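Letters are used for the chains, namely A, B and C, taken in the order the chains are written, and counting of residues starts over at 1 for each.
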Amino acid sequence: MTSGKPTMIEFQDVHKYYGDYHALRGISATIKAGEFFSLLGPSGCGKTTLLRTIAGFEGISSGVVLIDGKDVAGVPPNKRPTNMVFQSYAIFPHLSVAQNVGFGLRKDPRSVADKARAVDEALAMVGLSGYGARAAHALSGGQRQRVALARALILKPKVLLLDEPLSALDKKLRENMQVELIKLQRQVGITFILVTHDQEEALVMSDRIAVMFEGQIAQLDSPERLYRLPKTRAVANFIGTMNFLSAQILSEAGGQVEVEAQGLGRLQLDAEKQVTGTPSTNGATIGFRPETATLLFDGQQASDRETMATVEEVVYYGDMTYYDVLLDGTTAPVRLSMRNVFGRPVLDIGTRTRVGWSPGALVLFR
Amino acid sequence: MSEPLKRPRFWGSQAASGLALISPTALYAILLLAAPLAATLVYSVMTDGYLTIIPRFQLCNYIGECHAQLADGTMAPEAYLGAWSDPIVRTLMARSLLVSVLVTAATVLLAYPVAYFVSFSVDASRKSLWLFMITIPFWTSYVIRVFMWNVMISRTGVINSVLQGLHIITDPLQMSFTLQAMVITLAHAYAPFAILPIYVALEKIDRSLLEAGQDLGETRFATFLRVTLPLSMTGVIAAVLIVFIPTIGDYVTPNLIGGGKIPMIANMIEKQMLKADNRALGSAIAVSAMLVVGLVSVIFLALNRRYLKGPT
Amino acid sequence: MKIPVLRIYTVGYLLFLYCPIVILPIFAFNNSTAVAFPLQGFTTEWFSNVFHDAVLGHALKNSLLVAASTAVLATVLGTLAARANTRYQFKAAGPLMALIMLPMVLPEIIMAMALLVVLLSVGIPLSLFTIVLGHVLVCTPFAVAILTSAFQSLDKSLEEAAYDLGEGPVSTFRLIILPLVMPGIISAMLICFTISLDEFIVANFLGSGEPLLSTFIYGQLRFPKNVPNIMALGTLLVGVSITLLALAEFFRRRGLARTGAKDSGGFL
């Protein structure tokens, strides 16, 4: 993983105001060299603003931004060791592909031949060999994105910034590009910082993710930890789906917490591995992911605990089926996901069924 | 720790750059447009002198009788009438208003179908070609076009000779020196000014709105009246103003087509400013004309304000 | 079959618009001083008169000089204003732009007259220079309109991308912005040139004894004998104007093609 690697970017209590609007509210974080880092959050959370403060297109109102150990306050974008791939790709329409890619080399002291070679290498790296002479405005969206990548990477920046680079592509193309970006990052080895609102994308590509809401970082963690142990209900809801059941904390002792959960009865949870969040006035909540509970068909044994439920809704997805079931003793349905197995029927609405679950897969939000 | 800066400094900011960039053009407009207009206003309340203007405040250029100041400092014995007191000026003003209103109405009404045609019945790829064809006449010399109209409608001109040659009439029609001729010429001159704003407004109308209406059972004409027309009103209003305001200031057409026999207010202004050297009075007439125009425009806008509100 | 009423109407309307311009060349070659049918035979006498008229030649030179100066000045001012308005936000933008665009809706006589009064009071003598001043006032709004549209079709990220890749504001303008708005600039210059060439009212008010084409024509119209000469001159003028406009349109379209933007039809 990335621990032990040197820090490339550091935010120290960064605030930013647009007039009276508090866009960034005290961001403190570090991004390590060579990692694939994502800024994830809904529209308006400040992720793009934060990215642009790294690039130098936005200033900050207070705090410190360090790139490779240096405070970059007052340093304009053209002097920072970063390069950006813009959301609209910003390909210069009046230039050819090769001219676009080689644009940043204008002041480079190398010979024309050397520069041309560098352009060819960059194009090869993004899979656009031979496209050099094409007019830039005649390219497809996916091709433009690659040109933007080549244009940025040819300058060998220490950090590559990507502002929602895949949002304009259709699903198939997006999935292909996700894999290509990962490969590219490993090949080049520099820090990639990606801004996206698509949590699946962030989970697939990142070494670590910073989830942002309303100008603050809610949680900064690896994808697995974010998924398994989200710090707040908001983060839990944003990443994947999470089912919530109300619960009451009965007692805490010796690293164990005893809880009475709606529909699931009395449980014991590990305080360190399963309990999260800050105490709220709404009372505690038990959360679990759809794939951690199973519908038990006739003859199947529960591997741990078991309870009864009624099927309320069935959503068929091809490779998965989602069942919304109402557990006995609860008031709102929870969602379970089942992989479709060849030969196994899909249950009807109204069916009474057994549900297998395990206390070890639960999360307790205080 | 100190409060983070809420408002960035001005210098070096966006606003400063923008202001700096626009300043040459803005200064030019202020010096050569705003200042002279203001000066005109000031002159209109001053005294006319011999080849100069004397900074002595008087309102008689607008109402009442004025005396010009002679070169030797005494007041001239003959009085001249202020703008609103002079029946000639009032007549001219009324006539100019009438002509402008007629021209505007004719131009906008005739222009609307053309704008509609290009917006709705023409292929997207051909639209700019049609617009180009429509605007070309506008870019050619105004004087020449007016002159050509004059030539065409004269007693021995093209129209008469064609009509007589085809034996539709025996005696030539008297078209020159008439009000109708002036209206037609001006309508011709300002046509593209009317077509373009209406076209732009029509283009902005979401076509699916119209289809929705038809889907609900309306006839095409009803859709036009209830949906298209109201939504295009901003364009119509713009067209009205863009034609009305400059038309009042036109004096070439009255001179040529009207033969000097049907002068409009602008001719009067020209006379006072250039020929009679009474700049105070000329300014007063000009300001009065602009006030009337402004008043009519404001009334027009107020009557139509429900079309101007809301998102377009 | 459905009668294309609107199409017929529009074509008829266009005929009405083009009437005077079309008649012009017909009678410019007509062997008669009367502008009426039937035609009297072909002649190029009027055209040769035009080419040999010394005063006219002088007026033509003046007009070209004024038009060229106006085109350059108005385009420069228009570019600055359009760029400032599209790229930056500042509170004074609204009122200043309204003032700059005002000449489009003011009667020319009012502007010309106001300017005349001020120039005379300040003691500046009337000359070709003062005509240029007036023409720039009239033409700048058109340049602003054309260039605003050109600048608006520029993606703001293009500028940021240039900075990101190492360029400064000046080199960004030179390498990225200028090439992309160049068709708009050329368009604006051609349009301003044409407007100035054909403009009469300001030229009449702010000119001195030096003749311009438009004032020259106006003066000649009183003499029926010279009418055919004027027709010939008019034909040439109209021909030049249309050519320049076609060029301006060509450049506007080429500009759109280069940036891949959509054609919204015309200078709006």
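Structural remarks
Everything below uses one rule, namely that contacts are C-beta pairs under 8 Å (C-beta built on N, C-alpha and C of every residue); 3 or more make two chains touch, one makes a residue touch a chain.
Only a predicted model underlies this, so the values are computations on that prediction, with no experimental measurement involved.
With centres defined by CA atoms alone, the chain at the far end from chain B is A.
The most central chain, judged by the distance from its Cα centroid to the centroid of all protein Cα atoms shown, is C. Look at where the CA atoms of chain A average out and do the same for chain B: the two points lie 59 Å apart. Our note on geometry: chain B versus chain C, Cα centroid distance of 18 Å, whole angstroms. Separating the CA-averaged centres of chain A and chain C is a span of 56 Å. Shown for chain B are the residues that touch two or more other chains, of which there are none.
Those residues of chain B that touch chain C in the shared complex are 14-19, 21-22, 24-26, 28-30, 32-37, 39-40, 43, 53, 110, 113-114, 116-118, 121, 124, 127-128, 131-137, 139-145, 147-149, 151-152, 154, 156-158, 160-162, 165, 188, 191, 196, 199-200, 203, 241-242, 245-252, 256, 266, 269-270, 273-274, 279, 282-283, 286, 289-290.
Those residues of chain C that touch chain B in the complex are listed here as 4, 6-7, 9-10, 13-14, 16-21, 23-24, 34-38, 76-78, 80-81, 83-85, 87-93, 96-97, 99-100, 102-111, 113-118, 121, 133, 136-137, 140, 144, 191, 194-195, 197-201, 205, 213-214, 217-218, 221, 227, 230, 234, 237-238, 241-242, 245, 249, 253, 263-266, 268. On the chain C side of its complex with chain A, the touching residues are 155, 157-158, 160-168, 175-176, 179-180, 258-260. Interface residues of chain A, counted against chain C in their complex, comprise 55-57, 76-78, 82-84, 86-90, 92-94, 103-104, 106-107, 137-138, 151-152, 155.
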